[in-house]
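Input: a single structure, listed below in structure tokens.
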């Protein structure tokens, strides 16, 4: 883990730690909470053969949509990509391997990793094709499906505010998958619109304690449509 | 579930819903977060043969210590009772059945229920007596222990602030098991030092959304030693 | 929006009880948002992580961080909260959502629902529908009675991959309101001007009708 | 506090690196709290749900809601946060705690630790020790070298129920500082005035000593 006083870094350095072939969790549900600046830096640096884990594929030309269009993503683990026709086309052509999970199971697979577990027992999806081939276990006279935990090498998360130790506060519906991914990945890179000195954030208001965050970078509040547009009008 | 406008109730009514033989989760780690007023009302109403689930047994004459001394608790599921010699004596005499779990597993068994799961896969305790007799599963070439989820009929939780829909905010280390128990129990009774109108609490500051809370009661801030003493000086 | 859709929404709004927590699925159900009286104490849940969302006031600027799961920029009402995706689905799986409205490709006599995948044609992922359908206390389906080719959507048995088995409580279409019961689909209301024979012809499922108790909408 | 305990604490304080996240177990390790320089950028984790705790200032009134896992009323330093028990142990199981100090009943050559139960005599529950011991990046044991009867606590193999197997990195007692290595226990430092022979006599475990590299403390 990075020492506390070494976490506040330039964005180039933080993203440069990501190698080709890395698995990367990316926060956001649609646009809110998507770490656009970190994604753009990843696009600029050129890492490829990436496995991305994100609720959705953003939209064409937006967020991870750009990485997919640039052919940098080999595999996408997601819940719903209906708003990115480019991603759907890449999937249908076999250029992008897509694994789909029900949204709440995806969230919990990530949370399970974040909690240091290795999976959980669920009845979600029983009686549907989601349960086909899923490992099962008998417990208390019933059959439960096993959903393995989903770990990743990196997480890119977006916060509204941070301090330079990496304590994070999310805003409105920009929270979504960010706090879960911040716990689940080995190395967590957070962007925030404002990074203050430790002590600036109220103790009870901190959503992600700094222990989980490896690097924190300050980014300008998004001003372009791309940086703030939700995935549907 | 209780309708939103029916949740703010007198303490007597809220506790009267608890029958003999109920399983009850009780928040708190030591004194902070222990719902002293709800416990005192339960003591006054006389319910018995209770299964309590709490991190610790408070201290003699404090919190659930009073219920144990009054012979109202048949079973205690806990992590550590070293600070309540009366509870240890009752356990040793066979009058109180005590099930002990490592603290983080206890928290996660409760959280697993709160998330609507039925257990989780862990390596915690492997190579120790905690793992003896535990159900196991092979996954990804390794053996994992299964920890079943822990549900309860009721939860008694303490919050610093609330609104009358049951949105809750915890303070300092009085959070501990409270938010987990508020998700895991079928009926959740919350006490708060202040219950305001909906709209009084900042959206991002709410720790437990009202959907989980069945009843909320307003109690006076504790003024006695008993109501505020931590379990060690 | 068509007159049929308007009628479905007007009828659906009567399902909501003050004091409830309600989720509105993508598509037609989202529109119900605008049919709930502002003063009604109802908290609308959206699975991306908000409880208590409501439409923005006319002319109110969007808050770029505040969307519902359909991606619309929303506002919140008093008593609202925001939270992460794990908390949002914990709420769903613990059945803390009282009532959910969803669209459908197919519904059947057992209350089975298919609304996420057409093999070979449409499979963008299931999103949050599976958990909502399986765990909500009451699931009401809002959909057209027949598809664009006129084929019935209310079937004896679903043919598409299921979202969840035996999950539907009530179906509201442009032609009828039907309850899923142990005996089968019971028609509660029938559209103004439609005959029972016409309704049966537009439906594959067997419909149980008690004319004496039949309402119009 | 005894002079031996003071020496253990003074030596232990040298283990802490600025910028780390550190957990202090109940008992002697908690006292280390008072041996860390105030200006040192270290966040102390306590498993009841706080990161960044520090001693209250002299004369500062207790905050009744702010304790550490030992139950002491504490204060917090800049950069601190509070959270629930699930988050607190997620941090532990994900090895986000860099360094933990714990007491011991027994430690052995393999780095096995027993510190929670004496069958038939003492079994109040394990609290958070098991997860901390198993998952922390570096576990340093602070304990007396021998028990009150003079029996060695540094053993070939633990006899009491384990807290966690092969978890200990370093042991600091009143008599020595020892590292757990693949070869066995290597003595790093020996107490001032103590001979290697005296140390071996007070120890059941085999000790590896390289006199040329041996420190004093």
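Worth a mention:
Note that the chains take the letters A, B, C and D in the order they are written out, and that residue 1 is the start of every chain.
Here is the rule we go by: a residue touches a chain if its C-beta (ideal position, glycine included) is under 8 Å from a C-beta of that chain, and two chains touch if they have at least 3 such contacts.
As the structure is a prediction and not an experimental result, all values here were calculated from the model.
Annotation of chain B and chain D: jointly contacted by A, touch as defined at the top. Of the two chain pairs examined here, A-C and A-D, it is A-C that is joined by more C-beta pairs in contact. Among the remaining chains, the Cα-based centre furthest from that of chain D is the centre of C. The distance from the centre of chain A to the centre of chain C, each centre being the mean of the chain's C-alpha atoms, comes to 29 Å.
Between the CA-based centres of chain A and chain D the separation comes to 36 Å, rounded to the whole angstrom. Centre-to-centre separation between chain A and chain B, using Cα means, comes to 32 Å. Inter-chain spacing, taken between the CA centroids of chain C and chain D, is 57 Å. Chain D has residues 82-83, 86, 89, 92-93, 135 in contact with two or more other chains.
Contact of a single residue of chain B with at least two other chains is seen at positions 108, 111, 115-117, 123, 170-172, 175, 203-204, 207. Checking each pair of chains for touch leaves A-B, A-C, A-D, B-C, B-D.
Of all residues in chain D, only 46-50, 63-73, 82-86, 88-89, 92-93, 123-131, 134-135, 161-165 touch chain B in the complex they form.
Touching chain B in their complex are the following residues of chain C: 17-21, 41-43, 45, 51, 76-83, 86-87, 89-98, 135, 137. Considering their complex, residues 29-33, 55, 78-83, 88, 100, 102-105, 107-108, 111, 123-125, 127-130, 160, 170-180, 207, 222, 228-233 of chain A touch chain C.
Partner chain B is touched in their complex by these residues of chain A: 108, 111-112, 115-123, 135, 137, 139-140, 142, 144, 146, 148-149, 169-172, 175, 203-205, 207.
By the touch criterion stated above, chain B contacts chain C in their complex at residues 1, 3-6, 114-117, 163, 165, 167, 183, 197-199, 201, 203-204, 206, 209-212.
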